[in-house]
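One structure is given below, represented as structure tokens, and several questions about it will come after.
Naming follows writing order (A, B and C), and every chain is counted from residue 1.
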Amino acid sequence: MSSGAEGETRMTTIKVDGVEHEAPLGGRLLDFLESIGKVVPRFCYHPGLSVAASCRQCQVESVGKGPRPGTIVSCRERIVEGMEIHTDSEAARKARAGVMEFLLLNHPLDCPICDKAGECMLQDTAYGTGQAAGRTVEPRRHLPKRKSLGDKILLDNERCILCTRCVRFFEDVCGEPQLTVVDRGDRSYLDTFLGEPLRGNYQGNIVDICPVGALTLKKFRFRSRPWFMTSTPSVCGLCSRGCNITIDVRNNRILRIRPRFHGEINRWWMCDEGRLDFDAYNMQPEEGRLAEPLIRDGEGERPAELSELLALAAEFCREGPALALLSPFATVEEGEAFRDCFAGLDGARAGFLAPGRSARADRLLHTDDPCPNRAGLSRIEGLEAVAPSEIGDCAGKTVFLSGFGLDVLLHGEARTALGRAERLIVHGHRRPGFGNPALLIPARTPAEKNGRWVNGSGIEQRIRPALRAPTLVPDDLEVFRGLAERLARPQEVKA
Amino acid sequence: METSTTKAPLPPDRTAWWERRKACFPEARAILLPLLHDIQDHRGLVDGEAMQWAADFVGISPVEVYGVLTFYWMYDLEPRAKRRIAVCRNISCDLMGARRIVEALEDELGLECDRGGDGDWSLRTVECMGACTAAPMMDVNGRYFEELTPEKAREIVRAIREGREEVPEGPAEFAPVPANLARSWTEEPRKEEA
Amino acid sequence: MSGATDPAYAWPLRTPHPGHETYLFDRIGIEGMADLETARAHGAYETFERVLEEMEPSEVTAAVKDSGLRGRGGAGFPCGLKWTFMPPLDDPRPRFLAVNADESEPGTCKDRVLIRRHPHLLLEGILCASYAMGITAAHIFIRGEYVEEARVLQRAIDEAYAAGWIGADIRGKGFGVDIHLTRGAGAYICGEETALMEATEGKRGHPRPKPPFPAAVGLWGKPTTVNNVETLCNVPAILAKGVAWYRRIGTQASPGNVLAGISGHVARPGVYEVPLGITMRRLIEDEAFGGGVRNGKGLKAFIPGGSSSGFLPPSELDVPLTHDDLKEKGTMLGTASVIVLDEDASIVRATRIIADFYHDESCGQCSQCREGTGWLARILARIERGAGRPEDLDILLEACANMKGKTICVLSDAAAWPVELALRHFRGEFEEAIDRARTVVGVAAGSGEGSAS
């Protein structure tokens, strides 16, 4: 994985902009400069990819020992004893400004209509190191501007600065080349094999690492300027990997999910499924989102206060042998509260759904476990792991199904069994699609919660609310606490 | 990798020759450039199907073959003319009148230079071909014609047309892969027995 | 017409100058030297056989090092020293010799003569070098355009294999080496040593960042030495006739003969084997060589060592043809390929043609080279077209400065040098071209300027 961690790193003193620093011997100069707060612009260098050293933007000036005196590309340079570096000397600034001028010669400068504007490395660097006005009067190169690379990605060849990050992503990370630079010199352009669509579950990463607006996500195209969105760090819930993500939201809708670096879990990457399957989180009441507590009333349903539903739920649970099943999307905190609800109830069986392994595992990130918090819930004493086959016959029972995601993890026989429950209570973000629930308590989605998940390798992480839940959707914990209260002190509640 | 479903673009004996040739290199893809030449000499172009086949044959992705192929100017993705004239436009040839050679050939062939061809002939200018001391020059299907004058260039075209002058067509002859290869590039320790 | 004979002999070969000793071209005039039988009759592989019998590998390297032979591919790096960068012979890893036959520098066509006329000399040089460095396989990369040369060389290799000069256990002496030929497909950059290795491996010809140098990480990641064809052709003579003999030819710092190509506006263009240190004046004007500017014209400029070495004015004619003397003049010996421009030639056009070439041939990896070569070419084309602006020349020079010494390989530098040298020595011609343009459009452009002053 990342460099340097093996054994003990020997340190040496190097001089940067006249100040002495302790630096790891043999470490990458660019990384070190960044670690001491120097801004070194770069396009082709990405810590997760092999080093191309081709954009030449990260030049600094070397005046001490080690590399030859003059400007050097810091992404390729290793730290040696006696090094002396100027990051902001005349020579360094001129070299970087020179590269910027060359890169902008053929760039379309269509920032006003470019999705990347505002988070574009070329734009940022141009403001930082470039000249105010271009000196070229030559016609710019014209290339295809809206080339579809399959159902997810769009390519603009004119904006591409040929850093080859995307080419190297497929080679280095996926081990399956899908993109290449075609032709040579300033006629070169990015292409797939004869323009065929991209394949696989990791395409979106090339959009993240594209330093310009050449590769854009179709799903995000023209949806929002980056500065109009708020970003919330969280964790992906589509498998047990627990990829760290950033959720970008505007007007209480998720517009984009991006991976966030975690050295042991997902590094810089995430799968397309986790990136693009956020429609469930954005579900609106008119699209079927359960937005208020509902009680079955004959053939229909009527809205009611949460307290009324909780009282009824407690009553139902006491009445029949109860099966309480929690979604493996629930947080550790919710798992504990859920267990506490049913701990004192005679004949109640409380557990979380533990579905079988999927066939979705790949070499990169996606695991074969569709549950984001199986490990966290398994650790909770008194909370049983219930496989779908262990649900058993529910006829005559009270069944309490709780939490976002439970419905999608239940199939066939399990659904039929649960649907036969005498009294079905559903605590979900939408109707389950089976059975005839007596009570419908709205639940929050993982994008509306704060809590802990433990991923498949035992790392505990926090998910954070990126969206505001609809007004009448209580926090899941509030539901469990309210229910626990009513189950523990039934007389008082009745009185 | 030999289980490719794509039809081989080369005759079986030639494919077998390349199979043996692969073993001369630490990595099979080392044969890629000459292999693509051979495919082009047989088929007149290297199309997507041929790239796919070549990729399977040397064990890489087709997109890599595509990248390699387009880096070099001598490969054609589109069908090429039967006789292909390339006139050097670089410095030595330009000083010695390459422009007049191009004009003469355009006139003789009724073609516009660098605008494709008519299937029978194509005419283009190229960078230095390495015949500078015999400038100006042109290359027809891989054969050089040097120390040209406009009249000489016209005469060569006429001679080729009338079969008085031969230019290479089709694939080159290959000698068998030698039997006494040292083949010492493998990772096994060398010279230990010696 | 010429085509009636074997095209190989249509080559305009000038007789070697009788005034000095030759060892590269001494046998190329013999008909059939490309055939093993004829070549053997004229001494091919005799040096190698003696080396196998009498010399230790280290002695071969020492001899080449002591000879002072410098690479003939352009950079002029001491050849023997380069060989010593290879790991010691007991290092078990395979190691390779990459032979650079990708002669592509405009003005240069010397290796082509050697390959076409005397391929066994090259093979013998490769065998000696392989023995010295314990090479396990030599990979010759020849430019794709050299179809005929590749055919001749492959035939020579096949014949040498069949006769047991190449392959396993050569002459029963326990030393074996393979020689393989790979034909390129048209890319100047493959003459750069690391791009050559990439192309040999079947990839896009992208130069690799250095370090690591090829001697550490070369072909297929293994220790590799890259030598030019002409350099290797020097080796058998050094080993046959001795270091002392070799050092008597040429100069102290640049010993030996060099194949100097003379093209452009001279009376006798051709490739000549001359001792290093000969003056440009003699090379261009001597009746035995260039024979002076043709048609009795005056000399305007000359390019001393291939297109990237740029233009020198006639006042520099007395510079000796050595690495150091030409470096002092701000240019280089390069491939010793002299291009002569007579008084009627346009420096603006010549510079634009050379800029076009580098624009066409940039591999496109580094930003400065990919974009800069195109910018130079477009500005120069505009000046040539008569649409130049006074500020263009300063922009050209600044672009050149930004292109030099900052990229993975030196193609970017090579594109900048000729433009810089043209502007240093012939700036007036560019100014004139721009002034002419302004006079023509002066009516339109002039009014604004007039009111400003």
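Please note the rule applied: a contact is a pair of C-beta atoms (placed from the backbone, for glycine too) under 8 Å apart; a residue touches a chain by one contact, two chains touch by 3 or more.
None of these values were measured; they are calculated from a predicted model.
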Most distant chain from subunit B by Cα centroid: A
Pair exhibiting more inter-chain C-beta contacts, B-C or A-C: B-C
Inter-chain centre distance, subunit A versus subunit B - centres from mean C-alpha coordinates, in Å: 49
Inter-centroid spacing, subunit C versus subunit B (mean Cα positions, whole Å): 22
Averaged-CA centre spacing for the pair subunit C and subunit A, given as whole angstrom: 54
Multi-partner residues of subunit C (each touching 2 or more other chains): 187, 204, 360-361, 363
Sites on subunit A at which at least two other chains make contact: 181, 183-184
In subunit B, residues with contacts to at least two other chains: 64, 67, 71
List of subunit A residues in touch with subunit C within their complex: 51-57, 59, 70-71, 76, 94-95, 98-99, 101-103, 105-106, 135-138, 161-162, 181, 183-188
In the complex with subunit C, residue positions of subunit B that touch it: 24-27, 29-34, 36-37, 58, 64, 67-68, 71-75, 89-92, 94-96, 126-135, 139, 142-147, 152, 155-156, 159, 165, 168, 172, 175, 178, 180-187, 189-192, 194
Complex interface listing, subunit B residues touching subunit A: 48, 51, 60-64, 66-67, 70-71
Residue ranges of subunit C touching subunit B (in the complex, touch as defined): 1-3, 7, 10-12, 89-90, 92-94, 96, 103-109, 112, 134, 136-137, 143-148, 151, 154-155, 158, 161-162, 164, 166-169, 174, 176-178, 180, 182-188, 199-205, 219-220, 222, 261-265, 269-271, 303, 307, 337, 339-341, 345, 349-350, 353-354, 356-357, 360-361, 363
Residues on subunit C engaged by subunit A in the complex (per definition of touch): 187, 189, 204, 209, 359-368, 370-375, 378-379, 382, 389, 391, 395, 399, 401-403, 405-408
